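Shared between the two complexes below is chain A, which pairs with chain B and chain C, respectively.
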Partner chain A sequence: MYDATIIGSGPAGANAALEAHDLGLKVLIVDEQRDAGGQIWRVKSKSILSAPSTEASIKGDALRERLKQSSIEVKFETRVWHIDKNEEKNWIINLVSKDGSHSVLSKALIIATGAQERVIPVQGWTLPGVVGLAGATALFKEHMMVPGKSTVVAGSGPLVFFVASEVIRLGGSVAAVVSINGFSDWIKALPAMVLNPKLLWQGIKWIGDLYLKRVPLYWRHGIRSFEGLGHVVGVNVRKANKKWYLRHDPNIFIAADSVCYGHGLMPSIEASRLAGAVHTYEPALGGWVPFTDENGRTTVPYLYVCGDNAGILGAQAAPHRGRLAAYAMVEDLNETLPEDLLAKRKAEKKLLKWASIFGKAATGLSILQPGAGGLISKQTEVCRCEGINRLEIEKEVKTGALSPNAVKSGTRCGMGPCGGRFCSESMALITEQATGKTRAEIGLPTARPPLRPVAMDEIAKDLNYDDLPIPGVSPL
Partner chain B sequence: MNFKFDIAIIGGGIMGCETALRLTEGGMRVVVLEQGDIGQGASGVNAGTLSMQIKRVKLMPYAIKGHAIWEKLGEIIGFHKTGGYTLAFNDREAELLKERMMLKKEAGANISFVSLNQLKEKEPNLANKVVAASYCPDDGYANSSLTGYYYRTRMENAGINYVEKFKVTNIRQTSDGYEVSSGENLIIAKRVLLACGGWMKDVAAMIGEELPIRARINTVSVTERAPKLMSTVIGHATGLLTMKQKPNGTVLIGGGWQGKGTPEEGRGTVATDSLIPNLQLAKYAVPKLSNVRIVRSWTGFEANVPDFYPLAGALPNKENLYVLGCVRGGYTIGPYISRLMGDFILGEEPEMPLFDPSRSFESA
Partner chain C sequence: MSKEPAPPIVRTEIVEFSFDGRKFSGHQGETVAVALLRQGIIQLRDAPNTPAARGMFCVMGICQECVIEINGKRKEACRVPISSGLIIDKVKY
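Entry: the complex of A and B
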């Protein structure tokens, strides 16, 4: 039995674990990656270990070193497939790794599963050669690879410019940058960004580099469609307005053999939903988030969240959120918090407040505007697993399916192996447009295990038939 | 309040909706009140098995009629008549199988015992460990996910009023009927039918009726699309496994393994220690499932009374108050028993007897 299990060891989860460990708790870290660091401080693959360090890799290495020096138990390359409780109300955390499956018991649970990217589907987005913005950054950090010879980078938020500058840094060529945000949106975000001069300077440098390299920069433009047969060969771009509606102008065609495309990050909430926490819709925090107090306590006893899965505030805020969650957990487990920790908590809260201003400004650039749903054309495939397009979802809504569960049942949208992780956002956008209901009113489909598909063999070991716990025979 | 319904039906599952359709045909003005979405409770999340072999002996005539209704609907609700085998893996189970299937056969189900060679020919992927098997050519399945779509559309076409997200919080008897409320919202009706499955006990209590209902929490799992592993519905002598492969390749695994939670708490959750043996049993029956991935597991509430027979009839203490549910095999039997219930409420003699809710309950 552990005092605390922490799912995810990015900057939030790892710092929560370190703090809890320092305070004397028996801590377990579970992470599906090879090592700690999360997406932002991702560990490099073996083949590029000799590559020059970046700020992210240095910070990540320091964190990894601290974890190694501690006696925190870690299980890497291990996935959580179900979160359950036993009769004593301890958490049962069901794990699967290449060594098979097992479960651990824990008094408290901190979920720090981070973010996932939001991609608004438009015609042709499933063509090979189209990758997500966040997916592209993983490619850079882990393998130092560029997605193609000539790349269009498109979407919303700062990630567009980071990805474009990385493509250039790694020797690729950027055919164009297409930002649905206008330059004025950035100017508006400036006062908040000034709070973090280092990151602001980075941003200015990214954009400056693009100008220097004479990369065509399309401010306030959106992608109408991806073109190509079997592989992407370019994109059709149109001028947009502030609300992300595309104008009825002729298309501007930009040739490219690869496109990085995305609309910011969404909190990864599957684990906190499966654990039973109440969630609310907060566009300024990236979408649906667990409802928490300022320390990361959820509505479920002994369940805490920290990091981007609790609302997208970025890597600067994450360590503070991790430590605050650890204090809250220690406070609940010991039923008190010593004086010195109360002071530390106060200090962390102050730091978090400053870091959040910057994080919120960055997240603000990707808040979905009213035109977002309109980017999805009638024939656009929304659910890749089951091949469901917008029209089929609209038809289902017209027959009276008003909730995600009802739409899912009628169309199979979200019933495939991804479990709706990629399409439930689009399904909600379409429902929002078709019904006029708000996202909060539309809600979410019911959370179900497993969190990721698991092979029968991984979780159901071979049976000694006589051991099968047969509870009785059904009445005749 | 200037409008008044002839009947308010609490619960928008198969039974509530099908009864509503019958009553509307009979000329009544009906409103269906559903706390969630139409057809998204047990009616929409059960494993969809339409198997005679798992029906209770006394309910067999009802199951045969219900099965015929689903068959007639066909593709709209994803009906497939595949035949089905029930397996025994040891002598004790073989004995059980023989005894039980003989009685079901006498009750009218088209069940026969098959040789292991016949079984192997039809289902080559089954484990060699089977010692006995029975077969029913009428067994099959429908797609319970389509229940909501189907009944919504039918009620729309019939002009039936239904209200979703109407969670009943109070029922009050008046001089000439009932007031059913959800918070501040009020519906007035001359009659009330309780058809709200796992939630029936609580709703009945609102009007002072104590029903000995217990909710079971059945677990169902579905796999990713797999190569063809089976062509019929596979069951187990104890009833603890139902399995079928859909035309799209996904395999649906059920068998009534119990999850956690109560209807009052919401949807119930999957319990690790019952999900795993459910999957182990499935894998034991079809070893090739080993490498197939489970994509989703879920639960649904099945309401039962101690004798595991339906509640279908009028409640004795109050006028014009009816109850329908706890059918045991409700997905198969639901459409038929609901029509009987409709006839009864319309004052007609039902084709087959109903199940008096005021009977004394003895454990089966």
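Entry: the complex of A and C
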């Protein structure tokens, strides 16, 4: 039995674990990657023996070293597929790894699963060669690879510029950058961004480098469609307005063999939803977030959240949120918090406040505008797993499917192997347009295990069919 | 803005593996998807319901678009490492 299990070891989860461990708790970290760091400080592939260091790799290495120096128990390359409670109200965390499945018990649970990418589907987005923007950063950080010979980088928020600059740094070529944000959106975000001059300078350098390299930069443009047969060969781009509606102008075609495409990050809330926490819709924080106090306590006892899964505030805010969650957990488990930790908590909250202003400004660039849903054309495949297009979803909604659950069972949208991770957002956008309801009114489909796909034989390996009680024939 | 030249990227030794009956090579321990991408192979499977090719999309083991088969078991090509002699098949539906 652990005092605390922490799911995810990015900057939030790892710092929560380190703090809880320092305060004397028996801590377990579970992470699906092969080491700590999360997406932002993603650990390099085993196949890279040495490489130039970057800010992310230096910070990640420092975090990984701190974890190694501590005696915190870690389970890497291990996925959580189900979260439950036993009769004593302890958490049962069901894990699956190379060695099969098993479960651990824990008094408290901190969820630090981070963010997931939001990608608004447009015609052709399923073509090989099209990858997510955040997905592309995993390619850079883990593998030091570019997605192709000539890459279009498109979407919203700062990630567009980071990805474009990384493609160039790693020897690729950027065919064009297509930002749905206008330059004026960035100017508006500037006052908040000045609070973090280092990151602001980094952003200016990314954009400046693109101008220097004469990369075509399409401000306030959106992708109308991806073109290609079997693989992507280019994109059709159109001018957009402030609200992300594309103009009825002729398409601008840009040839490329790869496209990185995405619209900001959404909190990864599957685990906290499965654990029973109440969630609310907060566009400024990236979408649906667990409802918490300012320490990361959810509505479920002994369940805490920290990091981007509690609302997208970025890596700067994450360590503070991690430590605050650890203090809250210690306070609840010990029913008290010593004087010195109360002072530390106060200091962490102050630091979090500053980091959040910057984080919110960056997240703000990807808040969905009214035109977002309109980017999805009638024939666009919305559910990649099951091949369900917009028309089918609209038809279902218009013929009376009143909830995401109803659309799901009517069309199979969201029932494929990814578990609706990518389509449930688009399904809600389409429902919003078709019904005029708000996202909060539309809600979410029921949270169900598995959190990650698991093979039935992996979780059922200990099951002996002869042991199953077979009820006798019921008397008539 | 000139700086000292960046140290080169040193990768593990090259090993051979097969995908869909064809021979490929890649660096020991890198993922199937990355090894194939380096050789220009980005079509990893066909969609189950529509006659369309699919490839790596989320690059972090969520979307299941890059699934391949190893020993009859479905695996995410963006997470499974290659090793010498590994036999990888396309997913059969």
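Convention: the second predicted complex is superposed on the first by the 460 of 476 C-alpha atoms of A that agree within 3 Å, B and C clash if a C-alpha of one lies under 4 Å from a C-alpha of the other, contacts with A are read in each partner's own complex, and residues count from 1 in each chain.
The rule is short, and it goes like this: a residue touches a chain if its C-beta (ideal position, glycine included) is under 8 Å from a C-beta of that chain, and two chains touch if they have at least 3 such contacts.
Quantities reported herein were computed from a predicted structural model and do not represent experimental measurements.
Of the two partner chains, chain B is the only one that A:V473 touches; chain C does not reach it.
Shared-chain residue A:P453: touches chain B and chain C both.
By the touch criterion defined above, A:Y465 lies against chain B but remains apart from chain C after alignment on the C-alpha atoms of chain A.
When the two structures are aligned on the shared chain, A:E381 is found in touch with chain C, with no touch to chain B.
Touch criterion met: A:A138 reaches chain C, while chain B stays clear of it. Using the contact criterion defined above for the overlaid structures, shared-chain residue A:R421 touches chain C, although it does not reach chain B. In the superposed model, A:G410 lies in contact with chain B only, and not with chain C. Of the two partner chains, chain B is the only one touched by A:D84; chain C is not. Contacts of chain A with chain B, set against its contacts with chain C after fitting on chain A, overlap at residues 416-417, 453, 455. Note for the complex: chain C touches chain A at residues 6-7, 9-12, 26-31, 34, 37-38, 42-44, 47-50, 52-65, 67, 73-74, 78, 81.
By the touch rule above, chain B contacts chain A in their complex via residues 36-40, 44, 54, 56-57, 89-90, 96, 100, 103, 129, 145-149, 152-153, 156, 164, 222-224, 238-240, 256, 258, 260, 267, 269-272, 275-277, 279-284, 289-298, 308, 328, 364. Interface of chain A with chain C (complex): residues 32, 39, 45-52, 116-117, 126-132, 134-136, 138-139, 143-145, 147, 230-231, 381, 384-387, 416-418, 421-422, 452-453, 455.
Against chain B, the residues of chain A that register as touching in their complex are 82, 84, 92, 94, 103, 276, 396, 399-403, 405-406, 408-410, 412, 415-417, 419, 446, 448-450, 453-457, 459-463, 465, 468-476.
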